[in-house]
Amino acid sequence: MTTKRIETLVDGIFAIAMTLLVLSLNVPQIPSPVTDAAVLKSLASMWGQFFVYFMSFVLLATFWRINHSQFYLIKKTDQTLLWINVIWLLFVALVPFSTNFVGDYGYLTVPILFFDLNLFMIGILFNLNWRYAVKHNFIDEDVDQEHIQSNIRLNLILPVTALAAAGLSFITPEYSSLVYFSIFFVRRIF
Amino acid sequence: MTTKRIETLVDGIFAIAMTLLVLSLNVPQIPSPVTDAAVLKSLASMWGQFFVYFMSFVLLATFWRINHSQFYLIKKTDQTLLWINVIWLLFVALVPFSTNFVGDYGYLTVPILFFDLNLFMIGILFNLNWRYAVKHNFIDEDVDQEHIQSNIRLNLILPVTALAAAGLSFITPEYSSLVYFSIFFVRRIF
Amino acid sequence: MTTKRIETLVDGIFAIAMTLLVLSLNVPQIPSPVTDAAVLKSLASMWGQFFVYFMSFVLLATFWRINHSQFYLIKKTDQTLLWINVIWLLFVALVPFSTNFVGDYGYLTVPILFFDLNLFMIGILFNLNWRYAVKHNFIDEDVDQEHIQSNIRLNLILPVTALAAAGLSFITPEYSSLVYFSIFFVRRIF
Amino acid sequence: MTTKRIETLVDGIFAIAMTLLVLSLNVPQIPSPVTDAAVLKSLASMWGQFFVYFMSFVLLATFWRINHSQFYLIKKTDQTLLWINVIWLLFVALVPFSTNFVGDYGYLTVPILFFDLNLFMIGILFNLNWRYAVKHNFIDEDVDQEHIQSNIRLNLILPVTALAAAGLSFITPEYSSLVYFSIFFVRRIF
């Protein structure tokens, strides 16, 4: 059993989940009389939803990218690795719901915590995926030990960031998600 | 006509059906004043929907997996086999509706029966697919007779489980779906 | 420019359109008290929607199949053929809406006519696609003249059937769609 | 890292975004008594939505086509080019929302401006994509300088058209979108 099969499912689910995010943006229902000013006002009130759409799209693209660079190095797979990835995809496919949830109630702590937990699970399963593949010698033989260890460190970034965001959500729910943008800077450092 | 074409359609429909499951999770509409406590409460009342999402996602992944291992061995196809698979996909694409239905009225018998019937049809068509391919010598010649017979037995697990769940739904609708998790254990035994 | 590119887009749009059909099935909203009898009754009242879902799924699968057998023989393409296919896909992607429309108001003539017109356009564009490819020598050289002519005849079945259904919809809207099932029998005869 | 990976994601997101456009067409909710005349009337009132569906579908197909002809010539990629494309896809996936928005309030200036801005961003990112690839020598060596320059000119058509449509939307919102159809004629001239 090759890894190609898993990659096809991963590509499909990511493309769909990323496109479904747009369904979290609802065309505002404006009471009559509908004027340009009224439309502009309700559009402005949606800025939080646009922000969450933007952020979730970029985060999903990042996860898709990391998954691809991991599977580029993983040469074999088994039943267990397949199921780690299925559960991982289950949480990826949940992101449009979490995004929608935060888009509606982003000023509260509970929806933000739900979103953070969702990303935390995605991060933990990334970790598990790589560690399992390393442990069972599924990695391409040409990959040196340093690269493998560096990948283990990289895979800690997301769960740690999610925990940090979760902690911040108790203090300032609205701005806690900004922590996720640090991922792009941290990745350069490691 | 090769089997590759069918597999492409199968992969596409599975990726979409699995991702559409998330649409069965609706962001709760909470009356003002919206507080963290209120959101948490309505989230807790959704546990049944999360459970059904989880279960349907895992079941669809299982079906996708079984389909792939069958088509890995099927080397030829014809018009009839194509249509068996189209009808099979019709019931696969119906799963998001059934899931939604159970998510809303999972405490009743009729929705659970509908869900069980949906899975039963998927199981029966799996069976038909394999039997038809065996009967018309579409199987790879290197596959031994024992493997073929073992596959026929394996393909009975799903319809039998669906019938068991349907029977249980008359006694305890809420918990009857747990029977499906036995699939993972039974598969190891055969 | 090869035909492979068009085929990828076709495969994607078909898989999605076929799966989106399920969104035309809405979980019934039942007023309290919700009992098994009430659920069963509202499920029974949905039989028309299930029928339309079933029919549209099978029709789309048929169109996908015919498209593939046409493109199997078409070896070259140009800008115009690409656009014929884009417009064709536009009407294919419209099928979930037409299906939904008929599912809601299938007892009236206008929605049925809309559905028939949608299928008529799909049929006409199939025709155009093949005739254009024949006229510009895009067909594989090994295909004999008889096969080409037979395909032209085959491509008339759908638009003619759609016109027949449209005519019938003025007399008996509910049953006019049954005409489409004749496609499966007629194809064997030609 | 090859460009093949990006192309797969692009194909998936386009197929889904094009098919999701159909969700902007809502089956009309008609108050009793539902007659053919009432259905026809509400269908006629939807002509703006059908027009926007048609236009967005054709525009997305055009963008998909242009992306493919660009990537046919781009032989290498890097982290930055990947992210230009992800942001580009973010605006492509936003088109179903913009379409929906214009479909509902197409007689106003603000929704039309939003739609135009969306297309402007898509055009600008097309530009950036090609310029970045040229600057970093990612283009196939066989492509001559003239073709490269012609592509830079071609990539200006969309953003310029979007700006023109935006300008017109202040005078006549309903008809400003017609400007986009000039794209098909202008492309022949260059």
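As written, the chain order gives the labels A, B, C and D, with residue 1 at the start of each chain.
Keep this in mind: contacts are C-beta pairs under 8 Å (C-beta built on N, C-alpha and C of every residue); 3 or more make two chains touch, one makes a residue touch a chain.
These figures come from a predicted structure and were not determined experimentally.
Trainee: What chains, if any, are shared contacts of subunit A and subunit B?
Mentor: none
Trainee: Mind checking subunit B against subunit C and telling me if their interface is mostly the same residue numbers on each side, over half, or mostly different?
Mentor: Under half shared, hence different.
Trainee: Working from the CA atoms, figure out how many degrees subunit A turns to land on subunit D, in steps of 5.
Mentor: 90
Trainee: Counting in whole Å, what is the centre-to-centre distance of subunit B and subunit C, each centre being its mean C-alpha position?
Mentor: Centre separation, subunit B to subunit C: 26 Å.
Trainee: Please report how many Å separate the Cα centroid of subunit A from that of subunit C, as a whole number.
Mentor: Each chain's C-alpha centroid was found; their separation is 36 Å.
Trainee: Mind pulling the subunit D residues that touch 2 or more other chains?
Mentor: Within subunit D, residues 12, 15-16, 20, 23 contact more than one other chain.
Trainee: Touch graph of the chains shown: is it line, ring, star, complete or other?
Mentor: Its topology is that of a ring.
Trainee: Go through the chains and record each pair that touches.
Mentor: A-B, A-D, B-C, C-D
Trainee: Spell out the part of subunit B that touches subunit A in their complex, as residue ranges.
Mentor: 11-12, 14-16, 18-23, 25, 27, 30, 34-36, 39-40, 43, 53-54, 57-58, 61, 64-65, 68
Trainee: So in the complex, the part of subunit A that touches subunit B is made up of which residues?
Mentor: It comes out as residues 5, 8-9, 11-13, 15-17, 20, 23, 82, 86-87, 89-90, 93-94, 96-97, 100-101, 104-105, 108-111, 114.
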